[in-house]
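Below are structures written as structure tokens.
What follows is chain A paired twice: with chain B in the first complex and chain C in the second.
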Partner chain A sequence: MEPDMRAQGETGEAGQVLVSGKESHFPVVPPRILLTDQEGTYGASEGESLNPEGESILKDLRETSQVRIHRSERLFQGTLRIGGLFVLALFATVLGVSIVEAWPSIEKFGWSFLWTSTWNPHRQIFGAWTYIVGTFWVTGIALLFAIPIAILSSLFLSDYSPKWLVGGVSTLMEMLAGIPSIVFGAFGIIFMVPLLRDHVEPFLSDTLGKHWDFFNGDSMGYGILAAGLVVGIMVIPLVATVTRDSLVMVPRETVEAAYALGSTKAETVFFVKLPAVVPGITGAVILGFGRAIGETMAVLLLIGNQASIPTSIQDVGYTISSLLANTFTYAVIDPLYAAAEIELGLILLVISLVVNTLGRELLMKLMGGRLAGSVGGG
Partner chain B sequence: MAENPLPEKGLSAYRKVRNALLGSLTAVAFILAVTPLLAIVYVAYDRGKAALSLAFLTTMPGGFPVGIEGGIANGIAGSLILIFIASLLSVPVGIWAGLYLWDQSHTRLAKITRLLSDLLLGVPSVIWGVVGFFVFSTNTGFGFHWGFSGLAAGLTLGFIMIPIVTRVTEQALRDVPRSYIEGALALGASRFQVVRGLAIPAAITGIGTGILLGVLNVLGQTAPLVFTNYYNTGIPKSLVGSNGSVGDLAMQIFIYIHEPSKELHVKAMAAALVLTVIVLLLDMGIRLLAWGSRKYAQRMG
Partner chain C sequence: MNIVKVTAGFAAALAVVSVLSGVGTARATDLTISGSTMLFPLEQVWANAYMKSHPGVHISVASTGSGFGISNAANGNITIGASDAYLTKDLRKRYGSLASIPVAFDDTQVIYNIPGVHKSQLIRMDGPTLARIFMGKIRFWDDKAIRAINPHVRFPHRRIKVIHRADASGTTFVFTDYLSQTSKEWYEEIGRDLSPSWPVGSGYNGSDAVVAAVMATPGAIGYVGLGWINEYHLSSMALKNLDGYYVVGSVKTIRNAGFAALHDPTFPDDFNRTIVWNLHGKDVYPDANFEFWMVSTDLPHSTMKEVKKMLVWALTKGQQEKYTVKTGFAPLPFAPLKPRLNKILNRLLPGNTMKIETGG
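This part shows the complex of A and B:
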């Protein structure tokens, strides 16, 4: 794009005026005429652009400057807008593809798709209930495990830990949060599953399982517990980081007032600071939920992939994302089967869009723009 | 934080105990939070070290089942190809969209764009896989009909990167002092001159950070590859069509860990360690870059 060609033209003209022997440094032409569109390129003819005397110079300037930014600037702004449209188009593609490809299933099963628990490709009956329940089991276990640990450890980092530890450890935690999902999954298979199978699950059966069937089961290692714990480990850094960011913003006066009233350190931290950051923690938990619910590869490796509704914490199960990653390439042969799977994906998409909108609004209010976002799953 | 200013004498036993208990509870939670993360790196090293060597990085997999001999050169090459394609799509588009969000940040369209771009950040990677499959890979209906191929997978990863690059670019541009921009505009520079000569050079570290952050995010993505690329034990000659799949580190781990073979599990853990180290180094680079540019900004006032 060229600078402003006409501006150069004008200086040239003014220069002509100057060399033509006049004493004054001011061009003889009244400034207004210089400022107006002399070539008449933009619709205004010479006569019209000469405003009658008495009108404010300011208005004049505004009009002329509008004429001046007219073409090149508008063109550039329009060009930039295309960049934004790319993002809009990408979003439309994601939503559009999901809805269009899921349409045969939406049309055939309607709302009952949500609470039907049959999934039978041979009889062409599909229902999402088993997978929705499985997804919420894993997400629930993950969050139950992650939230207390994350919140308490962010309290540790903000108030209890020695100063030299804080910077290094929180950086380390954020870095380790970037480890890919597949590595967590492999860790789960190699380390977590044997640990659960040989130690944790037999222990659960022998103690809590004696009283509640919920903790009973044949200890396989694989299952919703393994998947939930590993997803929980993945979610901890995200929740802890966002919580710590909001803990930092608790006013110093509040803390000092609590101390001045005679609170102990624990009382200040737990009964004054913690309630003050409830909105931040809520946002952190919502983001953690959004991250956990879309988790794919680690869950796929650990959950056992059996389409049954878990009744015990030691049961195997299936989540929406692991079903899609596992069977989608077989499902595409059968249009209705594929559509049903994509409708499952659509459910997941809608849930995570809603969750992320909520979390974003909440945290935007708190932190003003800088959103701790991360791509879900992997 | 202020040290406990209270005379401990005046506290009841209950409050003393509660103070100590809650304090140590946070310490326990902290240990519980950090240990598993460190354990992952340690387990990957411990179980994978038998396979680790320089040759592991530079040889192609062989033997039967494939991978039992040789290394992960196909995975490293494939991951590089995928990241290159993804960046080729997402860097220009992301910077473009970021410039738009910065330049016209107050308009209604920009606000909607910003919201949707943030929402795209939260789209689960399986969904990206499905979208990538229908846009690039499928051979029925609309789409590019490229089959399971490196190009399809790379562009799908590019989709994932776009919102990341967009938002980080916008943020980096926002951090350029407003007075610079207004000064240039007041001197008569056009918007294009301001963007090209001032805003982008001033924000270039931030934009670079954004690109690296995007790469970091797609580096370990496996789910989208299941839908668009799957896996290749070699390096393909073409990136489109039925023989166009590329190898990929993350897919390699996924496939090796699925095999009922101890040797392949060792290889999987070694590959996991390599992937983890790459990710951590990249992360460290990003942090250094951000730290350096912060220092620079401080010095410049």
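This part shows the complex of A and C:
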């Protein structure tokens, strides 16, 4: 009966393997040895192979099921791995290709590329300064415009607005975030530009402009102000949504404690709730920054695309992304020109990468990861 | 540079695929034309008319910019590259296989928006003054340099707002060519380019945007091609030509420029010279240019045959006013062009003399 016993034990083992694979604590005989056993290499196992037919059927069964499990398991794992690695590879490719293609420019200009303000394809001199400054101008104006409005609107929605309005306004906010930027660009041209040209900018020149040149100018309508305001409109929904989400998460106990201590509603909102969500707002602002800095189409239509460093709020300017959009198809006919433009793209990539990571990390850390859903960004 | 080329090629292929995918029938020949945004409307009407009269041939047209057209015609991604600019020395060195064939006439004209000056009032302009305006050295409309050329016009004391193209453009090339040839300052500081580094002003993407910006901005000055002048009924400035005449751009005056160039025995056979400024005559517009098709001489024999057929059609029947003038171009002056065109066409497909018979 020895062989039968053995066979039973082995069946049991096979069952274990079926369930938990490698984690089996039984002294499983590796299939390899069983195979060699079948060939009768070991003298010691001769006695066991008294009933070779039954044993081999069992072995076959075991092997096939094991192999099948292994295969499907591995296939599934492999598929998942491909998905995961693809994202990594994609990122590495984008970064790698950009660096390789930008290399002629990186090599020739070095770090001085960053603070050189001449951009002259004709003389083969390239410097990013003008475009970096323009990019930060637009982003700065956008954030200055967007942050107060976003915070006010989210405070209103979380504490003061009638219930029926909350749903409507939140939905509108989300829709606003989904509108393609070219639509905002067109809106800027037909609404914002004439408004700025005929009313806002002459007003600025006549009032603040009398004292500070910074507000004086030609009243073109087009320029960093128009571009910044429109990008600001695009950033509002992002900042407002994240801020509102963090306001909702302020513990009820905290708020009730404030009321219990005799605070008015305004005091509670301003001195208790608002400070509690400062980290959330900071994260939202950083994400908004990431959104604003890469905005292309709306900016291209409105900024006036002039490679000069703005000295006034009414000046025209140029951003990295709009320069690429305007001239990249032409730049490809000259290797150094193309390399310089790709290096500009690389700068933008690095800035938005750093900023987005920072914003995300901050939000995750301070809000305990509960905001993960709304930190998608644009 | 390689990956850039591949990417550009991929973009071209995508453009082509997206055009092709709309058509399901089997075709014998596919030609792809891509490049100059200026030439694009004309190419569209040509392609439609040609496909109607030549069943079996399919032409897809895309507007991607002259630079793209030149580089992709050279590496074979597209059959024909359309360009507003001729092949300069640099480009000829880089893309030795390309032959440029003039297919239409165009120009660049200066448009303006001066409050208080009526549209019907003719405004004259010469090269040096125009260059100084676009360099930001003349800042007001009532500057004495402008008044000196236009003693009959009362200009307001208003800031001049320079409007230029932001994208790389053949229109810009022709415009800066005029400035380079007439103004030493411009030539030394900025030069002629599809996308120069503009000292002042504001840039817009495409001629339509330039027209819109000039019309919307009081005090603006800008430049666009003949097609836009006709389409939007704009008035443009009369530019001073080599012989001192002030000429307004029109189909007639830019054709005169073509005649003048082609009758000039020193004009090169491969058209690698500008026809801006350096021409004599009373009614010769000083800022006209040929629009080109770039064809690589390395194309496979069978494709080349079709390309040549299409070329000959475009240069003869395609020059009719219903195609050219309607889309904003002037027809090529045919008779003086013929011997030179024959030479180019025979370079493309040697040993087979093409017979170009009649013009538009």
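What we mean here is this: the second predicted complex is superposed on the first by the 293 of 378 C-alpha atoms of A that agree within 3 Å, B and C clash if a C-alpha of one lies under 4 Å from a C-alpha of the other, contacts with A are read in each partner's own complex, and residues count from 1 in each chain.
The working rule: contacts are C-beta pairs under 8 Å (C-beta built on N, C-alpha and C of every residue); 3 or more make two chains touch, one makes a residue touch a chain.
Bear in mind that the values here come from a model prediction, so they are computed numbers and not experimental data.
Residue contacts after overlaying the shared chain place A:72 against chain B, while chain C stays out of touching range.
Touch criterion met: A:240 reaches chain B, while chain C stays clear of it. By the touch criterion defined above, A:290 reaches chain B but does not reach chain C. When both complexes are overlaid on chain A, the residue A:316 reaches chain C alone and has no touch with chain B. In the superposed model, A:207 lies in contact with neither chain B nor chain C. Contacts of A:304 after superposition: chain C is touched, whereas chain B is not reached. Once the two complexes are overlaid on the shared chain, A:171 sits against chain B while remaining clear of chain C. Partner contacting the larger number of chain A residues, of chain B and chain C: B.
Once the two complexes are laid over each other on the shared chain, residue contacts for A:112 go to neither chain B nor chain C.
Of the two partner chains placed around the shared chain by superposition, chain C is the only one that A:221 touches, whereas chain B remains out of contact. Overlaid on A, the two complexes show chain B and chain C touching the same residues of chain A, namely 97, 101, 189, 301, 325, 329, 332, 342. Residues of chain A that touch chain B in their complex: 1, 3-4, 7, 72-73, 76-77, 80-84, 86-88, 90-91, 93-94, 97-98, 101, 148-153, 155-161, 169, 171-187, 189-191, 233, 236-237, 240, 255-256, 259, 262, 264-267, 269-270, 290, 293-297, 301, 320-321, 324-325, 328-329, 332, 342, 345, 348-349, 352-353, 355-357, 360, 369-371, 373-378. Only residues 1, 3-5, 8, 64-68, 70-71, 91, 94, 159, 161, 166-168, 190-191, 193-198, 200-205, 209, 212-213, 216-217 of chain C touch chain A when the two sit together in their complex.
Contact residues on chain A toward chain C in their complex (touch as defined above): 97, 100-101, 118-122, 189, 193-194, 197, 218, 220-223, 300-301, 304-308, 316, 318, 322, 325-327, 329-333, 335, 338, 342.
Interface of chain B with chain A (complex): residues 1-2, 4-6, 11, 15-16, 18-23, 25-30, 32-34, 36-41, 43-44, 47, 93, 95-101, 103-104, 109-110, 112-113, 115-131, 133-135, 138, 159-160, 162-164, 166-167, 171, 188-193, 195, 216-223, 226-227, 250, 253-254, 257-258, 265, 268-269, 272, 275-276, 279-280, 283-284, 287.
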